[in-house]
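Below, subunit A partners subunit B and then partners subunit C, in two separate complexes.
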Partner chain A sequence: MSSFDTEATEKEILRFLEARTKRPWGTDADLFASGGLSSLFAMELVVHLEKSFGISVRGADLRLDNFRTVTAMTALVERLRTPAGGATDE
Partner chain B sequence: MTRAPRTAPDPHTAVSHRIAVLGAGVMGVGITALALGHGVPVLLVDIDEERLDRARDDIDRELRMAQLMGRLPAAADTRALELATGTGAVGDATAVVEAVTEIADIKATVLADVSARVRPGTPLISNTSSIPIDELAGHAERAEDVVGTHFMNPPYLIPTVEVIRGARTGENTMTGVGALLTVLTRRQVVVKDAPGFVTSRVLHPMINDAARVVQEGTATVEDVDALMEGCLGHPTGPLRTADLIGIDNLVDSLRVLHQRTGDEGCRPCDLLLDKVRQGELGRKSGRGFYVYQEENR
Partner chain C sequence: MSDRLLTEPPAPDAAVSPDAETPWEDPSAMVTALVADEADAWDRAGLLPVPLLRELGAAGWLCAQVPVVSGGRGLSSAAAGEFTAHVGSLCSSLRSVMTSQGMAAWTIERFGTAEQRAAFLPRLTGGGLAAAGFSERAAGSDLSAMTTRVRRDGDSVVLDGHKVWVTAAHYADLLVLFGRYDGSGDRGEDAGAVGGGEAVAVVVPADTPGVRVTRVADPLGCRAAGHADVALDAVRVPAGHVLGGSSLPLPLLVTTALAYGRMSVAWGCVGILRGCLTAATRHAATREQFGVPLGEHQLVARHLAELYVAEQTATRVCEHASRCWDDGSPEQVVATVLAKHVSAGNAARGAATAVQVLASAAARDGHVVARAHRDAKLMEIIEGSNEMCQLMLARHLLGRTV
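This part shows the complex of A and B:
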């Protein structure tokens, strides 16, 4: 687990978003801004990221800001996949 | 499953509370999550082993949802949760919350059982949505210990709890339930005992009418909710609310109201009965008036 494919991760998150919401999104669009998605949908994003990328989102990482944009979610996935002190599998 | 790091106990939580929750359905799970989220240990009892097996994951998901929405502290987890298929261990609970099926006989049997197991003076809290508290209190060993609360779903999100004082509910019981709700950071509004109290007596016939309007073809589900939200300021729309309550629970509650008030507006309409027959119970079954993604229940 040395390299992280940012572009592929963004692409996968966008694919999921577009399939579920039936509308296109930019990587920096605020998903929860007015007229956007409900915060209930954020939990769906959490579960999807966990399943797709083998991560576990817990404690202080469970903040809406981490799921507000595709860029933020990609950064979260990258951080949780490569924990400080070396990558380990569960 | 990854284990969360151990953290020091929050000094603001009262370590003295330890509640037993009876019934691991939607409300039992929600109330358990709310309690754990405020540092109160919970013994969750359900006779259905399969449901109990799912409960830890259900509670974990609810806690995480609450954290995501900034409603519960980040440290909340399910370590202080104990699960049991019987009431044998309820004896040292500081309060018991009964959240079993909304059928008077079942609630009566459960209250009779636990009242014989707990210390006298332990509040026996029925989370009924419509059955009069004094009717249930008659089945407990000490009627003065029985009180009603009506938490709404999801409990972590809704700051106010309707508290029902039965004719025989004791002063100590009122104090006890008030103290528990304070620890859970809920605001209480105390009302008198009657079928459906205030919230169900007003809301449930209204939802029944909303379903009847759809049944009669006046408007679609979406349009009924859009009008009730957009014109009247209802936060989620009555039919989305029905999905959140659980259409089976709603029908049970309407029957209780109809039997006890004689109000024909409380007789569950055919569309609600059809939904129950088809297993379309709302969010918990993935489909009710709306369709829900599995991950999003």
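This part shows the complex of A and C:
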């Protein structure tokens, strides 16, 4: 992936986060720092990434660390966009 | 049983059917014919006929959203929803079994590897029956309190714990069970490599040694849905039965699985409302008191109008949520909770209203409206109580991530 793609991915994830939480986020801020993950929010993130970037997040890729920061989600998206990039599947 | 049920599922290249214009048959008419006037007797007996369940399952109708490539009907959420509502208008117990089967299938589809999907989904579309177990004695609304333990032991996992109120477990061949993962016994090279999670979903054949299924005696509603407690005493299954092969965050795991159940319950409640609306309207049009049909009395007419409002409102909210699922929109998550909450509340109030309209005509166990009254109340509790739904909606409004 080019750095242009990375930037666009980051930007889209930030846009979603800010619209959803009504507050700004840094790319390395820990979304879940103040406690356990909200179950609804976790699922929204997964569905949003799948819809926006045409990927399928399955199996071990659903682990929390992949969703903890914008940087982590961007890396997940880029890995899953490349063929055979899934952790445990296909 | 009718051989109409035995029609083959569509060929893999057949288009996904987005509506009731299915090329193979009209599933709603089929279920109407199969249920006939038996739902009252099933409710009183507290049992559904197992051959009927197996036959509907073998034709793919108990989990109609399973993709065609996995042997399913490949229905959209919207089309499956209308079908679910139809079944729910006839018999909420049968609809509950569909909800459980669909939730088990969805969990396998969503979290399973390609290999696991290929191994388990054809069983669920081939006549096998399944249930999904979440709740425990000390973990109802607060599923984070679940203590069922899934311990890795070499090439196996061993389950110990006690699930309660598992819908359809009485009938199930396969149980999809959620528990806490203890990977310390993993002797493989990947031990601990898939950390970050604390929970797993495991597919457990109900006849595995150590599994004991005990029916819940005399449930308030959906009496024939086969609710049961499931005790697990050193239950050993291959590690390959852990969906996705890894532990995951418990909230993500259970919310994803429950999302399907909530959507199904929401549509089932639309069905409850339709059953009540039909019965109440017929009664108000024909039963006479004070020299005129009941519906001519303004206070009764208002009951009918309110029932119609409840049914239509629930339908629209469910349609919206299903559209979000079919579009892959992240809004599906909140729309599903909203649909479940609106539909369950409307069904509980609507069924109470219908009992009021029919009065003594419906005041006996087994009557469609009496069943609706009991079944709908349970729907305000199952798959996220009214109060849990309200909390989730409020947290959404507040933009909470944790």
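Going forward, the second predicted complex is superposed on the first by the 75 of 90 C-alpha atoms of A that agree within 3 Å, B and C clash if a C-alpha of one lies under 4 Å from a C-alpha of the other, contacts with A are read in each partner's own complex, and residues count from 1 in each chain.
The criterion applied here is as follows: a residue touches a chain if its C-beta (ideal position, glycine included) is under 8 Å from a C-beta of that chain, and two chains touch if they have at least 3 such contacts.
Because the structure is a prediction, the values reported are computed rather than measured.
Undergrad: I'd like to know which partner A:Leu64 touches here: subunit B for first, subunit C for second, both or neither.
TA: Both partners, subunit B and subunit C.
Undergrad: Output check: A:Leu31 vs subunit B and subunit C. Expected answer is one of first, second, both, neither. What do you get?
TA: A:Leu31 sits against subunit C, while subunit B stays out of touch.
Undergrad: Going by the contact rule set out at the top, does A:Ala8 touch subunit B (first), subunit C (second), both, or neither?
TA: In the superposed model, A:Ala8 contacts neither subunit B nor subunit C.
Undergrad: Where does A:Ser39 make contact in the superposed view: on subunit B (first), on subunit C (second), on both, or on neither?
TA: both
Undergrad: Report for A:Val47: first if it touches subunit B alone, second if subunit C alone, otherwise both or neither.
TA: Once the two structures are laid over each other on A, A:Val47 reaches both partners.
Undergrad: In the superposed arrangement, does subunit B or subunit C reach more residues of subunit A?
TA: Larger number of subunit A residues touched: C.
Undergrad: Using the superposition on chain A described above, determine whether A:Arg23 touches subunit B (first), subunit C (second), both, or neither.
TA: It touches subunit C, and subunit B stays clear.
Undergrad: State which residues of subunit A lie in both footprints, the one left by subunit B and the one left by subunit C.
TA: 20, 39-44, 46-48, 58-60, 62-64, 90
Undergrad: Quick check on the complex: what are the subunit A residues that touch subunit C?
TA: Residues in contact with subunit C: 16, 20-23, 31-32, 34-48, 50-51, 58-60, 62-65, 88-90.
Undergrad: Help me check something: in the complex, which residues belonging to subunit C touch subunit A?
TA: Per the stated touch rule, the residues are 110-114, 144, 194-197, 244-249, 251-252, 254-256, 259, 327-330, 332-334, 337, 392, 395-396, 399-402.
Undergrad: Hey, which residues of subunit B end up touching subunit A in the complex?
TA: Where subunit B meets subunit A, its residues are 1-2, 4-5, 61, 64-65, 67-70, 74-75, 293, 295-296.
Undergrad: Mind listing the subunit A positions that touch subunit B in their complex?
TA: Answer in residue numbers: 20, 39-44, 46-48, 56-60, 62-64, 67, 90.
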